[in-house]
Amino acid sequence: MLEVKNLCAGYGEVSILREVSLSVGAGEIATLIGANGAGKTTLLNAICGLLRPTAGSVAFDGRDITGRRSEEIVSFGVTQVPEGRRLFAQMTVHENLLMGAYRRRDREMAADLAWVYRLFPRLKERQAQRAGTLSGGEQQMCALGRGLMAKPRLLILDELSLGLAPIMLDILTDAIREIHRQGMAILLVEQDVAVAFDLASTGYVLENGRIALSGPTSALRADPHVEKVYLGL
Amino acid sequence: MLSLQVLVNGLLLGGVYGIMALGMSLIWGVMRIVNVAHGALIMLGAYHAFFTFTLLGWDPFLSLPVTIGVFFVLGYAIQRFLLNRIVRAQLFLTLLITFGLGVVIENLARIAWSSDLRQVTPAYQGAHFELYGINIPHVRLGVFLSAAVLSLLFLLLIERTKLGRAIRATSQELRAAQLSGVPVGHIYAVTFGLGTALAGAAGALWGMLFPITPTMGGPLTLKSFAVDVLGGLGTMMGPLVGGLVLGVIESFTATYVGPTYPNLLSFGLLVLILVFRPAGILGPRGLSG
Amino acid sequence: MTTIFEARAVTKRFGGLSAVSQVSFTLREGEILGLIGPNGSGKTTLVNVLTGALRYSRGEALFRGRSLRGLAPHEISKLGVCRTFQVMKPFRSLTVLENVMVGALFGKEGGARDLASARALARETLALCELLPRADAPADGLSVPERKRLELARALAMRPSLLFLDEVMAGLNPREIEEAVVLVKRIRDAGITLVVIEHVMKAIRSLSDRLMVLYNGEKLTEGPPQEVLAHPAVISAYLGRRYKEQPSA
Amino acid sequence: MDSKRRVLVAGAAAVCLALAVAPAVVSPFLVQFLINLFMLAAMAESWNIIGGFTGYASFGIAGFFGVGAYTTGVLLTAGHWPYPLALPAGGVFAMLLAALIGIAVLRLKGQYFAIATLGVTETMREVVYNLEITGGGSGLNLPMVQSPLPFFYLMFAVLLLSIAVNRRIATSRFGYGLIAIREDEDAASAMGIPTARYKTVAFALSGGLAGLVGGVFAYWITFVDPTEIFKVSWTLRTIIMAVFGGAGTVLGPVLGAAVLASIFEGLSAELVNFAELGSGIIIVVVVLFMPRGLFETVRRGELSFRHLLRQLDEYRA
């Protein structure tokens, strides 16, 4: 479904990504882990059209989407829930969710909205509330809901676990499993190694702009390098 | 009874101040651009109303929708082909380029239509009526009501429609808007178009109350600044509240202190508010950063 | 070794949420304290409060017995308490050498106040940080590791007595981390007390004399690295719930 | 001094010599043009201290220009002060006023600082407009001086002073502090720079120099009225010259003033009607194609058309 080949990107003269390749199969959950500053968000921005890559290619369902504008990429079915949630703070929860469906012309938006509210009942309670007044976990739910409203075929989650209380994390990971059961492919970019390996079947380890390791998460979990770099024991 | 008359005069004028400042506040709120050419666009709006009135015989109030349409297209083009290129440049470059634009517009007008004073004088120019002893000229009331209706329509557009949501989303969280599929370049152009349409309408209304000259723009840009800062920069209701408040304050100062003092007050107020309460009356706290 | 620095119940609240609450610790001269904790645990906020970038909500900190509460950042750095920034802040239009000269010119009292001696001190500091060959390059042309070393060099040129290093090793590959560890040790040997904030456990373990762990703005524990890293609460707070319990997925 | 600097100094000396002799040789029209050029260059240099080095784009330079003009004018007429005393007094008063206003206004950043300084200028005009001593709306008349020669040398002296101040700043600890504030104020403060104090001093110096220029201008033109002297276009023309020439460099603003003043003057000579229009178009073109200024663009060798087009995309939405 998503094919990234030898992607290079950066800001001004400083190049950050150096020939990164990764792929996400249909209906699969893949994860990308790495220390902050390793280039994770830069990679996502290059995929989603916020940053023009300097080399390499990005393909989705066989179609080359390298360097296309972000609004086009969303309508192709690739949606990113950005790091730090970035909700429209002054707008209500309901309006935030509607914004997720900005590109859609179809009729099923009402049905999708109902599904999101079933997935996150707390959002339904707070739908008329301003998004800025929600707690950290609730904001994360709203951001995830907004992404789902775009009815993507590939959902990219950037640092979902950031600053979440454990119980909230469990709710969100369960939600991800439910979403995955609906057949949606997910690319999980994470710092929390445990959550990442729990959910994803394949994993990529990004270090300083390069894919250092990749493979099934079961293998990665036991890999000494991962343990050394990400736990330092 | 005089103070009631002064209050009403202030409020009637405050309506135009509000609509004038609303255009600037919208452009500032969404793109963080201070549009120094705002006054020049208002001047163009006045001339547009004047020429549709004199050449085509249209009533200035009825020609408002046309003015709004024409100026929306003008604003959309200015942003799309000129300002979108520098929207992420440092601040004073955006200030400079809009200043350059203002000078170009002002001088084109001076060359095309000369500098002599023009005035939109519909048949009912002199008509007025009494209400509890207060003299209310038809034109001033018409201008106030048009400004009120326009503000209401504008607020509905921003608060209730999908386009309005996209504009608000872009102003609050640019990256998230892009990731939700909002074509940001287009939204910026629409926003500048709306801001220019409001400026054009304000110009048409202003032209019914005061003389029209190519150089009327400069002071109006500064007045819009003062109203926006007073009301709360970048908020929707701020400019309207600020306009009414400033209209009343100026009206009282002109009557009780002296005709030359209102400007001193409005600009002095502008500086004091910026320094001590930059958020203005309605704005959120801590906008000074 | 004498106590050089003492934080007493330092608290910082933003609205209702307290980003840092009741954090107290002491530092001995020439010691390296490692400060670790998951993202959003308040590490950088704590440094911002101690170095004057943010105001205290409660508590205070003493440097050589003198309270730092209420002082502006430049007054604190004049006393010799300096910091580097997690998000690097080079002076882009200046060269690498000029960036470091600013540190020399405005650092601790009694330093190089004229351009010539500042330039000399800057060169010395660049040599220490192995950046001398890049002295005349513009600051925005540097690679990530080089920029990290520039942040370090700028702070060193201020001749600090106490230096807060905020994630100078983030994003470095293993070899670059090794070099950074050597460099930090050299700084400590020059008699500077250090508080090192890092995620890279390997570096923290080899550098720190003592470790302090922050979690949700509170001090979870403090002590020698081996003891702290084996502490169950640290494992689960820092690593996340499930990694250890079910190794096989 | 290495050879490059020796050439530079020799060149500057030659220019000064030529300018010193010029008034006796050249036509009265050109003398007026040169006085005007010196004035614009001196204004651009004074703005450069706060806008170029410190990175705080003040839109209030016309305000202090006007304060200087009025102070000198009032001291000269009502106060009967001798001009050699009235002129520096005007500059000092403008400097003190700038320091006072600076303390309040410099807490603001970016757009808010710009709008506040714009508001300051407007407020100054309205104050002068309503004061008796300044002649209110009808303006202030100063004693006539026959030949423009003294103003030629005086304005030139003020220009040299403003260049000297810029040079002194550019090569001093204070200058490095200002540049650090421009580049990143948080980092500057953390590195020990007393940012509030440095910004206020820079703002005061800038205001004082502009006041001096105003003092010379008032006596040269012998008539000062509020709407003319506090005009926003004074401020913005000054800024565009500094930016066009290269804000943040010592001689950039002077270069910018020389080039643009000649173009504006040339325009107004031929197509009198279109001079202002021309200046507006130039401002738009300069910001679009050379946001870093002529000086920097030439230094980077980016004057070619291809580079200029690439410039267009740098700040795209």
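Per-chain residue numbering starts at 1, and chain names A, B, C and D are given in the order in which the chains are listed.
Convention: a contact is a pair of C-beta atoms (placed from the backbone, for glycine too) under 8 Å apart; a residue touches a chain by one contact, two chains touch by 3 or more.
Note that the structure is a prediction, hence the values are computed from the model and not measured.
K.L.:
With chain B excluded from consideration and all other chains held fixed, what connected components does the contact network retain?
P.N.:
Components, chain B removed in thought: just one piece.
K.L.:
Going chain by chain, each one touching the next, work out the least steps from chain B to chain C.
P.N.:
2
K.L.:
Which chain maximises the distance between its CA centroid and that of chain C?
P.N.:
Taking each chain's C-alpha mean as its centre, the farthest from chain C is B.
K.L.:
Could you put a whole-Å number on the gap between the CA centroids of chain C and chain D?
P.N.:
Those two chain centres are 42 Å apart.
K.L.:
Between chain A and chain D, what's the gap in Å when you average each chain's C-alpha atoms?
P.N.:
Going by mean C-alpha positions, chain A sits 52 Å from chain D.
K.L.:
Report the inter-centroid distance (CA atoms only) between chain A and chain C in whole Å.
P.N.:
Computed value for the inter-centroid distance: 31 Å.
K.L.:
Chain adjacency by touch: line, ring, star, complete or other shape?
P.N.:
Basically the chains close up into a ring.
K.L.:
Which chains are in touch, pair by pair?
P.N.:
Result for touching pairs of chains: A-B, A-C, B-D, C-D.
K.L.:
What part of chain A is in contact with chain B in the complex they form?
P.N.:
It comes out as residues 48-50, 69-71, 74-75, 79-80, 82, 86-91, 95, 98-100, 102-103, 146, 150.
K.L.:
Report the residues of chain B in contact with chain A in the complex, numbered from low to high.
P.N.:
These residues of chain B touch chain A: 162, 165-166, 168-169, 172-173, 175-183.
K.L.:
Which residues of chain C touch chain D in the complex?
P.N.:
Chain C reaches chain D through residues 51, 53, 72-74, 77-78, 82-83, 85, 89-94, 98, 101-103, 105-108, 113-115, 118, 154-155, 158.
K.L.:
Mind listing the chain D positions that touch chain C in their complex?
P.N.:
171-173, 176-177, 179-180, 183-184, 186-195, 248
K.L.:
Give every residue of chain B touching chain D within the complex, in rising order.
P.N.:
On the chain B side, the touching residues are 28, 32, 34, 36, 82, 84-93, 95-97, 99-104, 106-108, 110-111, 184-185, 188, 218, 222, 225-226, 229, 258, 260-261, 263-264, 267-268, 270-271, 274-275, 278, 287-289.
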